[in-house]
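Take a look at the structures listed below.
First subunit A sits with subunit B, and in the next complex the same chain sits with subunit C.
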Partner chain A sequence: MEFSFIGKSHLRVDGKEKITGSAKFVDDLDFGANLLYAEIVESPHAHALIVDIDISTALASPGVIKVITGKDFPYRFGLYMQDRYIFACERVRFVGEQVAAVIARDPVSAKRAAKLVRVKYQPLPAILNVEDALAAETTLLHPELENYQHVPWFFPAAGTNIAHLRKIRKHDAIDAIDAIDDTDAMFADADLVLEDRYTVPRYAHCAIECHGAIGLYDHAKRLTIWSASQSPHTQRNLFAQALAPLGLTHKDVRVIAPCVGGGFGGKAGVSMEILAAALATTVPGRPVKILWSRAQEFYNTYQRPGVVATIKMGVKRDGTITALEQNLYWDSGAYVEYGSNVVNAAGLSATGPYRIEKVKINSYAIYTNLPPGGPYRGFGYSEFIFGLESHINEVAKRLQIDPILLRKRNAIREGDQLAYGAKMNTNGLIEAIEKVEQEMDKMDKMDKIRPHSHPHSLSQSSNRCYGKGFALFWKAPAMPPNASSSAIIKFNEDASINILVSAVELGQGFFTVMAQIAAEVLQISMDKIRVETPDTDRNPYEWQTVASHITWSTGNAVFKAATDIRDQIFTLISREFQKDVKDVSDLYLFEESVRSHSNPHFKVAYQDFVISGISMPDGTFRGGPLLGRGSFMPEFSTAISDPETGQGGKPNVHYTVGASAAMIEIDKESGKITIPKVVLAIDCGKAINPQLVQGQVYGGMLQGLATVLYENMHFDESGRQLNANFTDYKIPTTLDIPEEIVAIIVESAQKDGPFGARGMGEHTMIPAAPIIANAVEDALGIRIRSMPITAEKIVAALKHNLNRDLGPEPYEPYEPYPRTEPRPLSEEALAAPIISGQ
Partner chain B sequence: MKIISEITYFAPTTIEEAVELLQKHPENSCLLAGGTDVVPALKKQVEKPRVIIDLKKISGRIRNIELKTIENIESIESIERIESIESKNQQELFIGTLVTFCDLLDSALIRENYPLIWEMSKVVASVGIRNRATIVGNICSAVPCMDSGPVLLTYDAKVQTNKRIIPIENFWIGPRQNCLSIDEIVLGITIISTSPKSHVSAGRFVKLMRYRGEDLAQASIAILINSFESAATATAEVKIAFGAVAPVPIRAYAIEKIISKQINQWDEWNEWDQMMEEALATIPDIIAPISDLRASAEYRLHMVGVMFKRGLKDAILRLQGNGSKYGSSLI
Partner chain C sequence: MNKIEFMLNGEKIEVWANAHKTLLELLREDLGIKSPKCGCDLGDCGACTVFLDGKSVRSCLILVPEVNGCDVVTLEGIMRPNLTKLQQFFLDHNSFQCGFCAPGMVLSATELLQKNPTPTLEEIKEGLSGNLCRCTGYTPIINAVADAVATTVATTINE
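The block that comes next holds the complex of A and B.
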């Protein structure tokens, strides 16, 4: 089908606003002279009981209006499990956690006074890794776990540090499912069984805009929050729930999200924004602003959780995977109200995009005294795919089968049974694999040319070697079954439109894609469309801008709203122009006017009726302002399943799949990796805007490559993060981009998606770690099983020269994660943020 | 992030005024030039000075990069090397206290005559920082991983203050500690050398970073070779210094000795491996790297060897006109 707007790389509709600086972000908003500022008092302990808080000195400090502690807000909240307090109550559970806040007339007074709040602690043993958390005689972080409210698909284990365990037990022969818990039986028919362990550390989102929020509680008891958020409606819901004891209801709470400077999951749900909401209620009539510093952005928002994964895979001699057992031990941090769903999502999908007869998965959300683990682009998939896709190469090597062939043999196809029993959706996985293979063949040619043409002529060619790595990936949106979207489209006098939605444009191009969808249905040019930033009072409901579901879900709502207007137009025109046209089916829209199939001369321009109504000969008017509405909910989804097997539900609406490969060059002396070429093919159903899809591939790949090459979080033995800054937490610069990134778009239409589209934003970073790990193995014969794969790690591995003969023991240059590395502190580390209240 | 400590700010217009202010506030005062070290330290409350003396309003020489010919070389003390060389044609480079790394990068004089300074400046932090950060501030902060240290060591630079001239090697006394007295202000850095007419010079600066973007050095090395042509014989000297692998940047005299023995015959590549082996063996005795979250001591030690091997080779090739372009990457 030929489209006018869909599948075209239209310029971003928010481009001018952003590059001219007219776009307003939270910190740009002006609240006048009455604005108050809040600063928090942070816990210096990873785990301690709060014995006493003395606020008297702080309260007497110049400029201070109020000092607030946990006693003022003893309410629990959370997205999927209510395990958080607004301020730590009785107990602190990570270094940097908010214990109190000072509200003052200016930021400096607030900060000075925060240092004067005296908190007495009784330290408790700090649990800093999953092994310690699971030990028999361990300290419990949440002794009241069994009393916490949570969604029905979570299974906390009272009396332990396990906040949730997602179990999957699958056997293609349903009546044999009991055999799955007998591991020996599960692997009995395999010719080769390979077992291993992979570790992934914590990571930070590092959006360029830090978290920030302003709260205003007016004298009529209306609470308005301006926040840098991916989730305005979810925030309103949680604010209203948490503050219900104050008499607030949903209609009294309003969340406004202006332009947002990046999120990557870090601004989903509710983290520090609850402080702006709570603090505002203590100073009615005056707005209170709270902004996170870059250091706080690291240690007091969500972090991507770390994971220890054990994988056992059984295969037939011909490469057919017969059985997979995976245990995922997630370091989910101090609070898991959002992070447990990462654990859940990974547990459901830890088979990867493969058809496997027998599956046993345990995915554990484990409390530790480190910052709360939560949503991060990839939502658990990047983490297990690192181990799984590394492991598949190791299996292929032992079978002496080409690793790509092994993947093709087991690649999941439409209609195959997923690990939880539902059927796999339409997908172009095989096409993606083949297209990446073709690009890799070009790499081979490049391989032969490069050694002579490379600029590093001094690093002798014997120091350099090349490797290629390949991996598959998939991901489904992780959402409650009733996560929904809605849209309103309003016509203006000149036939321009405003699209009201509550998803957030955070750089991904959402506004542009929504405008293209409406433009296609209504045949309006792109420059006559504005898409508005969310305001929960004025814009309709959206669950959250997460899960790569926005193009699909909000796109469906916008499509429905546009179709709603179109139908109203057809009804009105066919009624009022009965003499000129046959009926509704005779009408179509073209170039901002209504046309007739049967009457080529018939044309009614939008601007002649969309607001004013149709002018009749007798001076009356027909119609009225046109307004379209659209709601979308995936009504087929359910999270209810058997807790012991995970069978029976349809928790995921669909999967997006793809393949990726890298060619790398390793300097064997320095261990440094350069990347001449990366390829990624993704089946996004329909690329509504191909250039934006490409942009996601570049951005996601770069973000993923950084996590495998150099990003890493370091904590000391007391649980304090040592690199909560960009001096020692490295995110890529323009100099670190691979020499070539090839983005391949595969389109096998998603039947329930707008114009066939499905999400693809997060997915592009998921395969980055295994393509590098596999390329390193290809180049050096060394399998590195812990991320990141730094230059130092490669040199250490080469020096020890172990594991080159496929020996049984994995080589680990360091103590395996998550044991902390007690190293002497550097100067900069000693200069890290000073924690008050000690 | 706000600065929350109370500070009195002074902006004197002459060095004399600045010295007077230092004398008046002998404790808790701090000089400000580029501010790229001072301001973050203030924000993080690592340092809590009560008085900030901003030097940026002072005009005159401290803003300049100057190169002049020295006729009366004997009057300058302790320049044994130059005295031993049969040349009256000496030149002095002066880099004022307010000269930023971007000034150095933009200076044709630096690029042509002191390419090592240029090569080093190119990898100092990022463009934004280089726009403000001064090379004098870099040596005064005395952070062990400073980029300028090794290069200045190989040029035998001197630090000129309002009181004295200090050889750069004596300037640092420990991590974040320089030898300046309370009322002493650095006016600039001087480098005295024979003019390019009488010798050929080439060098290499190599900095180990975690990625290609801006980073603090995990280790660095500067190598400078001066070749003096005279009618009778060709003589040459090699100077080598390391950064970020000891409490202060250090000269590697032991290696210089080994290399200088053979450097005049550098066409003899067959001797190369043996010379390298001898030189590399001395490295563990020269440096004392630490393990921290940026790199382990083992990796630093290993990489110093790699950087030295490649750096020396490239420096020699540059001297012969076949080396890499200044500013290119070697690791």
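The block that comes next holds the complex of A and C.
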């Protein structure tokens, strides 16, 4: 089908305001001379009881208006599980947690006074890793876990540090599902069983704009919050719920989100913003601003949780995967009100994009005394895909099958049963694999790698060697089944339109995509469309700007709103121009006017009626200001399933899939990796704006490459983060980018998406870790099972391999988990011919 | 409080300010110039880049007394009032996503081309390496500058 606006790389509708510095971020807003500033008092302990807080000295400090502690707001809140307070009450659970806040006339006075708040603690043992959290005689972080309210599809284990356990038990022969818990039976028909362990540390989002919020509680008891947020409506909901004891209802709470300077999940849900909401209520009539420093941005917002993954895979000699067992132990941090859904999402999808007969998955959300784990671009998938896609290469190596062929043989197809029983959606996975393979063939011909210093020989004289790595990826939006979107479109006098939605323009380009969708339906040029930043009082409901669901979900709402307004136009015009046109079906829209199929001379320009109404010969007018509305909810989705097997629900609306590969160059002396080329093919259903899709590939891939090559959070033995700044936590600069990134768009239409589109924003970082890990293995014959794969780690591994007889040092410290040896192939299996090709 | 006089975007400014105040705070809080952003307050990210006597500096690392008698130019000051040619290239390449780093990045790129109108790709990367961007992967930013350089070179040859 020929489109006028869809599938075209239109310039961003917000390009000019960003390029000129006109875009207003939350800290750019002015609040006048009455503005107050808040500074928090932070816990120095990872785990302690609060014995006493003495605020008297701080209160007497110059410029101080109020000092607030947990006693002032003893209210729990949380997105999926209400496990935290606005300020720590009775107990602190991570270093940096807010214990109190000082409100003062200026930031310097607030900071000075915050140091004068005296808090007496009784330290408790700090639990800093999942092993300690699960130990028999451990310390409980949340003794009241069983009393916490949570969504019905979470399963906390009272009396433990397990906040949620997502279990999946699948056997294609449904009667045999009980056999899945008997691990030996599950793997009985496999020719090869390989078991391993992979670890992923914590990471930081590092949006360049830090979190910030301003709260104003006016004397009429209206609470307005301006926040750098991905989730204005969810924030309003949680603020209204948490502060309901003060008499606030949803209509009294308003959240305004201006331009947001990057999110990546970090600004989803509610974190520090609730402080602005709560503090504002203590100083009626005066706005209160709270801004996070870069250090706080690291240790007191959500972090990407770490994970220890054990993977056991059974395969047939021909490469068919027969069984997969995965245990994912998530270091979910001090509070899991949002992060437990990362654990849930990963548990549902930890098979990766493969068709597997027998599946056993346990995904554990584990409380630790580290900052709260939460949403981060990829939402758990980047983490388990590192292990899974590394492991598949190891399996292929032992079967002596090409790893890409092994993947093709098991790649999931439309209609295949997912791990939780629902059916897989339409997808172009095979096409994506083949397109990436074509690019990989070109890699072999790249000038710089000739002569190809091939792998595995550590004695080769050259210090440089090259490797290629390949991986698949997939991801579904992780949302409550009723996560929904809505849109309003209103015409202006000149037939320009405003689109009111409450998704957030984080940079992903959704403003432009929404404008293109409306432009296509209404045949209005892009420069006559403005998309508004959200204000919960004025813009209609949106769940959150997360899960890569906006193009699909909000896009559907905008499509419906535009269709609604188009239908109103047709009804009005066919009624008032009965002599000129046949009926509604005779009409179409073209170049900002209404036309008729049967009457080529008929043309009514939008601007002649969309506000003013149609001017009649008798001086009256017909019609009136046109307004379109659209709502979208995935009514087929349900999160209810059997808690023991995960079977029976449809928790995921659809998956976006793809394939990726990298060519790397390693300097064996320094261990440094450089990347001549990366390829990523993704099936986004329909690329509404191909250049924006490409932009997500460039940005997401680099963010992912940084997680595998050098980013890493370091904590000391007391749980304090050691590198909470950009000097010590390195994020990539222009000097760290791959020499070439090839973005390939595959379009296998999503039937319920706007023009066939599905989301793709998060996905582009998901395969980055395994393509590098597999390329390192290809180049050096070394499998590194813990992220990040730093230069130091490569050099240590090379030294170890050269000096095997010297024992496990120095490689061992990087592999802290005992690994079982792979079960050898049976005699019969070895005798069987390898079936190759397909 | 110290009395400070300096030129800001071609306009003479006289302010009384505390000596511990940074140029970034002065610009944003007292003078309403919002294009320089605070991303780290430690000189790491480059979002607060401004020109001080023609050279790019991190305004979060400059104390107000240091600018006495100096010439300060922010992104607001390089547009008169239209987009510069370089900004137009950034616009045409959809170079930015969230846009928070854009003011600093535009100034660094402007300085780069002022110093060296025909940088190589490596020189472009080097010239922009002090400005962090988390969204774009830098490729569309580098491409815009490279395109600006190529176009300028082509125009010069044609002339």
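Here, the second predicted complex is superposed on the first by the 788 of 838 C-alpha atoms of A that agree within 3 Å, B and C clash if a C-alpha of one lies under 4 Å from a C-alpha of the other, contacts with A are read in each partner's own complex, and residues count from 1 in each chain.
The working rule: a contact is a pair of C-beta atoms (placed from the backbone, for glycine too) under 8 Å apart; a residue touches a chain by one contact, two chains touch by 3 or more.
This structure is a prediction, so every number in the text was calculated from the model and none was measured.
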Query: Thinking of the overlay built on chain A, is A:701 touched by subunit B (first), by subunit C (second), by both, or by neither?
result: second
- prompt: For A:735, is the partner it touches subunit B (first), subunit C (second), both, or none of the two (neither)?
  reply: both
- request: Have a look at where A:692 lands relative to subunit B and subunit C in the superposition and call it first, second, both or neither.
  value: second
- prompt: Counting only touches as set out at the top, which of subunit B and subunit C does A:188 meet: first, second, both, neither?
  reply: neither
Message: For A:727, using the defined touch cut-off, is the partner it touches subunit B, subunit C, both, or neither? Pick first, second, both or neither.
response: both
Which superposed partner A:293 touches (first subunit B, second subunit C, both, neither): both
Query: Between subunit B (first) and subunit C (second), which, if any, makes contact with A:430: first, second, both or neither?
result: neither
Query: After lining up the shared chain so the two structures overlap, which partner does A:59 touch, if you call subunit B first and subunit C second: first, second, both or neither?
result: neither
Statement: Shared subunit A footprint, subunit B vs subunit C, residue numbers 293-294, 727, 732-735
Residues of subunit C touching subunit A in the complex: 28, 32, 34-35, 37-42, 44-45, 47, 74-76, 79, 83, 87, 90-92, 94-103, 106, 124-126, 128-142
Query: Which positions of subunit B touch subunit A when the two form their complex?
result: 1-4, 41, 44-46, 143-144, 175-176, 208, 210-216, 290-296, 298-299, 302-303, 306, 310, 313-314, 317, 324, 328-331
Query: Within the complex, which stretch of subunit A touches subunit C?
result: 9, 11-12, 14-21, 23-25, 27-28, 30, 205-210, 259-264, 293-294, 505-509, 691-692, 695, 697-703, 725-727, 731-735, 737, 741
Message: Touching residues of subunit A toward subunit B in the complex: what are they?
response: 107-108, 111-112, 293-294, 455-459, 667, 669-670, 672, 709-710, 714, 722-723, 727-728, 730, 732-736, 790-792, 795-796, 799, 823-829, 831-834
